[in-house]
Each structure stands twice: as C-alpha cells, then as structure tokens.
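So that you can tell them apart, the chains are marked A, B, C and D in the order they are listed, and the count of residues begins at 1 in each.
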Amino acid sequence: MRLALELILPALLIVCALAVTFSKRLLVSVVIYTSFSLIMSVIWVLLESPDLAITEAAVGAGVSGLLLIYTLKKIHALKGTSDE
Amino acid sequence: MPFVYNFPFFSIFICMISGIVTPLLKNGKWAYRLSLFAAGAGLALSGVLLGRIGPANESFSFMMGHFPAPWGNELSVGPLEAVLATAICLVMLMALLGGSRDIFDDVLPEKQKLYFIMMDEILAALLALTYTNDIFTAYVFIEISTIAACAIVMAKDSAATLVSTMRYLIMSLLGSGLVLIGIVLLYCITGHLLFPNLQQRVLELVATGQYTMPLTVVVGLIVLGLGIKSAMFPFHLWLPPAHGSATTASSSVLSGLVVKGYIILMIRLFYKVFTIAVIRELRITNVIFLFGLAGMIVGSVGAIKEGHIKRMLAYSSVAQLGYVFMGIGLGTDVGIMAACFQILVHACTKPMLFSCASALSAGRHHNKQLYALRGAAYENKLAGVGFTVGALSMIGIPLFAGFAAKVFFASATMAQPVKMWMTLLTLALSTVLNALYYIPAVAALWSRPAEGEAGEKQPSNPAFAISTVAFIAAVFFLGICYQPVVTLIQNGLALL
Amino acid sequence: MEHLLINHYETAAVILFGIGFLNLLLQNNLVKKIIGFGIMDSAVYLFLASQGYIAGRLAPILVGEVANAADYINPIPAGLVLTGIVVSVSVTAFSLALIQRLYQKYKTVNFDEIVLLARQKGDE
Amino acid sequence: MSKMARSKKEKQTSWQRFCTWVNGGTAEQPLLPAEPAKPKKAKAAKPKKQKAQPVRKEWMGLSRFEHIYRICAVLIGVVMVGVLMIAVLQLPLFGSPDNPSVNEVVERYVEKGLEETGAVNMVAGMILDYRAFDTFGESSVLFLAVTCVTMLLMRDRNNTNKEEDLLTAREHVIEGYEEDIILTKVARIVIPCALVYGVYVVLNGHLSPGGGFSGGTIMGSALILFAVSFGMIRMSQFFNYATFRKITSCALMVYAASKAYSFFTGANHLESHIPLGVPGAILSSGLILILDICVGIVVACTMYGFYALFTKGEL
C-alpha cells in the first residue's frame, strides 16, 4: 500500500505539472496547480514531515491558489474564455 | 572576545531594523534620513572594524546564537570582508546622497517610504552575503536582495520599468532556482551547511573520489545561478533595460553593489567551500574565463550602439563585470585579487557615472539621449567633471582607478601563457572599445551647445556635490595609493 | 535504472525541476511562468526532504522523555524547506502583483506581446 | 528638417560624419552613423524594424528568433535534467540511515534539542533557535514581499483609472447592501473556529507540527473569510493600513530585538537568563514561543494584506 502510494504520488505530480504546462485555459492551470500542492502535502506526510504538510496545505493550496485566482480575476481570464 | 568583533552583526541588524521601523515614520524624508543613518552607521562600524583587523591581519568567526560551528549560524570576518563591507556601505551612502533628488521626483510621495525600506534591506543583504559563513543563510539573503532589487527597479513605476522588472525578476528566479538546487545537492552529499565543515567534507570527497559527478554538478549549478544573477556574459541581456530605466539611485546601487554581492559570494564559496584548487581541477574556471572575455567585448559593443546614456553605462557594466569574471577565471590568487580590486573600482566609478549622467540630463528635461546632452557639462560643471573622471577611469587612463585594475589583470596572467595572450589581446581590444564610446560622450558633454539647445542652469545640490566629490576622491585614491588596499585584499584572500 | 527507481522521489523531483524550469523559461503567458516557478521550487523541496527521510523512523517530534538519534528522521531538511516555502510564496505574490500591473498597462499577460507593445510605444 | 537637408546629410563624407560623431552626433545620427538610433532589443537579437511596418512583420521576426531560442532552451533544459539524473544515480540511496546528511549535527539536534532549546518539535527548535538567523531573513522576505505588493498595487495616481474606480465603487455599494445569507451564516460559525485553530497551531508550534507560519496563514485565512463575507468596509473599521503597518512593524521589532539579544549573548558567551520552562508545557522553550507568536501575527497580517491589495488595492 505504502509503496504503491510512494510510486503513484510522484507520478501524479509529474502528470499535474505537464497538465499545467499544456492546458489551454489559465483557470484550469491554476486549479491543477492547487491540486499539485495538495498531492505535495500528502507526500510530506509520507516523508514524515508533518510541519511541511500543514504549511504546504495552508500556503500552496490555500494562499497561493487564492492569489492566483484573484490575479485571474484582475486580468479577466475567468469568464469561461480561453486565454489564448 | 573583543567588543569590536560584534560590529559585523551590529551593522547587519541596524540595516534590517531600520527597514522594519521605516513604515512607522512620518514621510519619505524621514525614511531617507534613517536610510542615510543606517548606511552611515554601517560605514562607521565597518571602518572601525577594518582599522582594527586590517593592520593586525586577523580573521575570526562570530557565533550567531549560543551554539558553535556545525550547529549554529556563523559570520566569518577577515580583512577582505571588512574592506568590501566598508566599500559597500560607502557606496550605498554616496548613491543615496547623489540620487536623492531623483528619488523624490520619480517615486510617488506615498511610496517613498517603501522605497527606502528596500534600500535598507539591500544593504543588509549585501553585508550578510559578504559576512555569512553559512550557505543556506546565503540563499535566504540572495532572495532578499533579489526581491528588493526588483522593487527598486520598479519604484519609478513607469511602463518601461515594469517591463524591465519583469524580465529581471524572471532571470533572477531562474538564477535562484539553480543556486537552490545546487545547495540542496551539496547538502545531500556533505551533510553540512557551514563553510568550514563543508570545505572539510568536500576535500574528503575529492581525496576519496566519492561523489565526483554530483560535486561537479553542484559547482556548475551554483556558478550558473550566481552568474545569471550577476549578468555573466550569455545571461546579461536583462541588465541594460533594468539598470537603464530605473531611477538614479537604483541604477547606482544595482550596478555598483547588487550584482557585485553575488560575485563576492561566489569568490567566498570558491575559497571557503570548494577551495580554488578543486575548482581549477574541475575546469570551471576556464568556462568562467571565456565567458568573461566574451562579456568584455559584447558589453562594449552594445554600449557603442547605444544612444541612451544610462543604457550605455549599463552595457558598460556588462563589460566591466566581464573583467571581474575574467579575473576569477584565471583561477589564481593574483587573478582573484585583481577581480576584487576591479569590484572596488567599478563600485566607486559606476554610481558616480550614473548620478552625474542624470544630474546632467536634469537641465534637458530628463532627456537622456546623448545628442540631447550636448554642452550639458557647462550647466553643471561638477557633474561634467565627475562624468569625465569616471569615463577616463573606465577607459583606463593612468592615475585613474581603472588603470590600476587593468595593470593588475595584465600582470596576473603572466604565469599562464595561453590565457596570457588571450587576456592581453582582449584587454587591448576592450580598452579601445571603451574609448570608442566614452570619449565621444565626454566630447559631446563638453562641446559648445548649438543655439536653442542649452538647458537651464540647475540649482546647486549639496548632497550631490558631496557624493560626487567623495567618488572622485575614491577613484583617485584607488588609482594612486592602491597599495594598502591591495595588501588588504591579498591578506584577506590568504586568510579566507 | 534500479537506482533511479529506489530514489524515485529524487527522480520525480529532477523531472519536475526540468518541467518547471522550461515553463519559467519558455512560457509566454506570465501566469504560467510563475506557476512554473512554483513547480520548480516545490521540486527542489521534494528533493531535499526525500534526502532527509530515513525508512522506519519517526517524524522529528519528541515522544517520551529521552531522545535517541536513531529513532527520528533528519530535522534539518524539514526546517530548510519550511524557510524555502515562505520565500516561494513571497516571490509568487510579488510576481503576481507585477503581472496585474503589466496587464493594466498593456491589457495582455503574454510577455512577448508586452515586449513588442513596449517597444512600439517607445517605452523601453 | 527639410528633404533637401536630409538628402544632403546622407551624402556626407565619412570624415564629416566622424566630425559630427565626435561632436556628440545629432538627433538623426546619435553616435555611430551606421547604427540605428534605438537600441536593439535585448532579448530579441533581430534586426531593428521600422515603426511604420505592420505589426505582422514584427511578429514574424520575433517568432523566428523565438524558434531558435526555444530550441536552445529545450536543449539546455534536457541537458540539465540529464546531468541531474546522472547526479541522482550517484547519490545516497533513499531512506538509508547511513547517508552523509545523517551526522553529528543531526545527532545533537535530536538528542540535545529538548535540553538546549526546550522545544519538543525539533524542527521548531532548529529553525527558531539553532539556525535562527535564516528564519529572521525569511520573515524579512515576507515583509519585503508585502511591501513590494503595496508599492505595486496600493491605489495611487499611476495605477488607477476612472473606469475601474467606478467599478470598484459599484462593488462597494453592492457589498454594503447585499449580504449573502449562506455565506454570512457559515462565516459566523467558521471564522471563530478558524481563528481559534490558528491560535492553537501558533501556540503549540514548539510542541506539535505547525508553528508561526502555518498558524499565521490559518489566522490570515480567517481574516480573509471575514472580509469576503462581511465586506471590506466592515473589515476596515478595525483593521486598516495604519494598524497593519503598526502591527507588522512592532511584531517584527520584537522578533528582531529578541533575536538580537540571543545572538549578542551567545556570541559574547553571556548567560541569556531566559528560562526554558518545563518541557511539553505551553509556556516553555524560552524565546521560541515569543518568536512563533510574532511570526504568526506578521504572517496573518501579511496574508490578509495580500488579499486586500490583490482585490481592492487598499488595506
């Protein structure tokens, strides 16, 4: 179980990173990036670093995501339009 | 422990605390005074420290906290660090004085306070980079100086500065990412973060032949990262727009100090962590050497093509940084001594050129194209003289500081025949190229303006006068009585 | 190959670092550039923390009265990563603010377009 | 300049051009006659295009350069990943207890940590006591970041226009009248819980995972939730830019002062006179608790500050 997780989670990280790179819409990128942070915080738990898990969940998934979304709002990239 | 040993710590903390206190002050004027005080205090403390440990030729490490070396943080101080710190504080003080009028013109009144916070923190970060004995502390302060440097570029808040800040920020982030992964790899193979312990482990690793590949990668990544941040040749493209468009004091501080901070850190890492012999063995020095030579030529050619005086000076910074990298690339003590001397020379000359250039353009409605500045030297004689002195020093006329630096570079190459002719040829070529853009600029400044071109005479500005006179004095001091400085640098390098 | 599989976190971290690095370098869209920077930094932290992990040991929070170094993992990487995360979030906030300002000026977040527009207006 | 004069200018001999050049050039001939007046763009090493030419051409020029640039960048990236992979091949194995980073430093942090710092959470003990200088730098980075964001986004005459002002004013009005009932009801329950949890995480920083930074973020998100659900106007009644400045500066001052005290006493081998307390109690581990609280306050304010500046451009 643990081994499977240890192999799947890093693979998921890479998938997320690639998805961020190639997604057409900025909102999708931001959402995927937020989930990237969440996966990261699970990995911190697996790596026995609870401090990092809490911080990553609060900062990476929380505040960074919030700031990114508000930036998207300011640059008018939220209303269902593709950013290209 | 003598009380003097606390001074490096005091100077760093005074700067950081003045940055923290600044938001509570009434307005930008008071923030400016506090920044002047911080730089002045730093200068006084570093000066006293230099007076104490310079002649005695001693070095010490200062525990930051209750725990000794491998466990706690440390500062390490020797003659080289003291000289550099004194120069950094002096240049910061003079740059603030010389650019004060432009700061208050260019930055909005409600944001002036914030600008001076950045200046304080930059000074603190530079001092910390000069003194620190811990590689992760170095990383944190690299980030501080990155953010603050970007902030002082964008403080003018025009469209041009925003675009160039973005470019600068992206390059800086690439650089710090590379430095960070280098540090992480180094920690993984050594298990230490403090310079002396790192050095011990690195030497062990080299002796046993373990982890040779990761070690090479580490050195490469750190050099690449710091090189990007200090505008080493192929990565210099961000520098001219950033330094050319910022307000005067920012340009002075950025080109005089901030890029040097990373180079100083690189030199200290080479000596205190990897040791210069290992670096030579890994052949990293040859790469730096070639990049340095290329930078000298490319920077000068860029400057020749430039019609905007501040961007011309910025390209000239690229060329001058090329000299520094060439000196480091020689991989010998004399070469690095010459590089350190060049750092001092450039730190004293370039801020003066920037502040004089903008003082000259003040009478011409801040038009900084060279053709608009014809005869401007007659309206502000002191600025004209300052610009001329700086230009002559950059070209390398005897008696001026730049000449001494070039002589040191030339004599440093004597031991290495292949590098010698490359260096000498490039030095000669670069001197000619330097003359090709500085001489016309000076000639234009001093030629009689045509009808209707003359600008209005500027009111006298004592702060600017003080800074220019101090810089001119520094240029002549380094050009004529360089011997004590050189001795200090040599002793300092030996003690690193 | 087997080595890479055992060090799978490090391997993943290096790949992520590459992806983030290229994003930061190549993406024209500034927001994606910044996300790329975030990925790059996370990758470095993953690398560092995985080197601090020791199989079968506890998180560095003391259980009981007496501490034995053989029972706990290395606390240093966790501390360094904690510092690093704060630095990244600060830089992210700064860059996003800068992006907003650039959008106000040029009505686009594509950096090439911004550079071209700036050149046309004679700003740079 | 008339057409005649211009054509005359073009026919100048090279000597005349040299003379003009030495004299500082003219508006048409800035420095070197052969060179364009404007600089080549730093990033794009393409030939200078005339302004009159259509944008299309510029795009093509850029894309050609971009093409080469992209290939180079991909190459660099791939090479770097390859080199790092090779480095990973030689690195110590994952999870093995005898890799080089497990050495006397770790041993002391783990075994003497409680005795010397009073912190049960060794990570807190390490970052706030053994290596506190880094952490002070880190807090300064945060302070700098919020200052930079203020510099960029705080409303002033450079970054506002009428259109957006109107929009903001309208939003303000809507905010004032319309309260989303679900949001406010939920917020009334969630905000106190989040605040209490944040305070708990901060105060237990030395005992359990968490600490100033994560706790501060949680408190900050409670503040953000308040602003979202009850509006910035209600928020600014008790939290405006002046309070923000005072709180962050004072918290950082306390941080700096306590760290300066401990560095000074440490370096001069003086007794620090700060009791470490009973291990495991909330009031223990000397300065770590104070530092955690300061960091928590700064981070909470900073996070709210980011939010406020990003949305409204004011605090």
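The criterion applied here is as follows: contacts are C-beta pairs under 8 Å (C-beta built on N, C-alpha and C of every residue); 3 or more make two chains touch, one makes a residue touch a chain.
Here the structure is a predicted model, which means the values were calculated and not measured.
Q: Based on the averaged CA atom positions, which chain is farthest from chain B?
A: A
Q: Consider the two chain pairs A-D and B-C; indicate the one with the greater count of contacting C-beta pairs.
A: B-C
Q: In whole angstrom, what separates the CA-based centres of chain B and chain C?
A: 28
Q: From the C-alpha centre of chain A to that of chain D, how far is it in Å?
A: The mean C-alpha positions of chain A and chain D differ by 18 Å.
Q: Distance from the CA centroid of chain A to that of chain B, rounded to the nearest Å?
A: The answer is 38 Å.
Q: In angstrom, rounded to a whole number, how far apart do the mean CA points of chain B and chain D lie?
A: That gives a centre separation of 23 Å.
Q: Chain A: which residues touch two or more other chains?
A: Residues 49-51, 55, 59, 63, 67, 71, 74.
Q: Quick check on chain D: which residues sit in contact with 2+ other chains?
A: 38, 43, 84, 89, 91-92, 99, 101-102, 105-106, 109, 121, 123, 131, 134, 137-138, 141, 144-145, 148, 152, 159, 209, 211, 213, 306, 310 - these are the residues of chain D that touch more than one other chain.
Q: Can you list every residue of chain C that touches 2 or more other chains, as numbers and ranges?
A: Those would be 8-9, 11, 15, 17, 20-22, 25, 50-53, 57, 59-61, 76-78, 80, 82-83, 85-87, 89-91, 93-94, 96, 98-101, 115, 124.
Q: Taking all chains into account, which pairs touch?
A: Every touching chain pair, ordered by label, is A-C, A-D, B-C, B-D, C-D.
Q: Any idea which chain D residues touch chain C in the complex?
A: Touching chain C: residues 38, 41, 43-44, 51, 55, 58-59, 62, 66, 70, 73-74, 76-78, 80-81, 84-85, 88-89, 91-97, 99, 101-102, 105-107, 109-111, 113-114, 120-123, 126-127, 131, 134-135, 137-139, 141-142, 144-146, 148-149, 152-153, 159, 161, 208-209, 211, 213, 306, 309-310 of chain D.
Q: So in the complex, the part of chain C that touches chain D is made up of which residues?
A: Those in contact with chain D are residues 3-4, 6-11, 14-15, 17-18, 21-22, 25-26, 50-57, 59-62, 67-70, 72, 74-80, 82-83, 85-87, 89-91, 93-94, 96-98, 100-101, 104, 112, 115-116, 119-120, 122, 124.
Q: Which of the residues in chain C end up touching chain B in this complex?
A: 17, 20-21, 24-25, 30, 33, 37, 40-41, 44, 47-48, 51, 76-77, 80, 83-84, 87, 90-91, 94-95, 98-99, 101-102, 105-106, 111, 114-115, 118, 121, 123-124
Q: Quick one: in the complex, what on chain A touches chain D?
A: 49-51, 53-55, 58-59, 62-63, 66-67, 70-71, 73-74
Q: Could you list, by residue number, the parts of chain D that touch chain B in their complex?
A: It is residues 21-27, 30-32, 35-40, 42-43, 83-84, 86-87, 89-92, 99-106, 108-109, 116, 129-134, 136-138, 140-141, 143-145, 147-148, 150-152, 154, 156-159, 245-246, 248-249, 252-253, 256, 260, 262-269, 272 of chain D that touch chain B.
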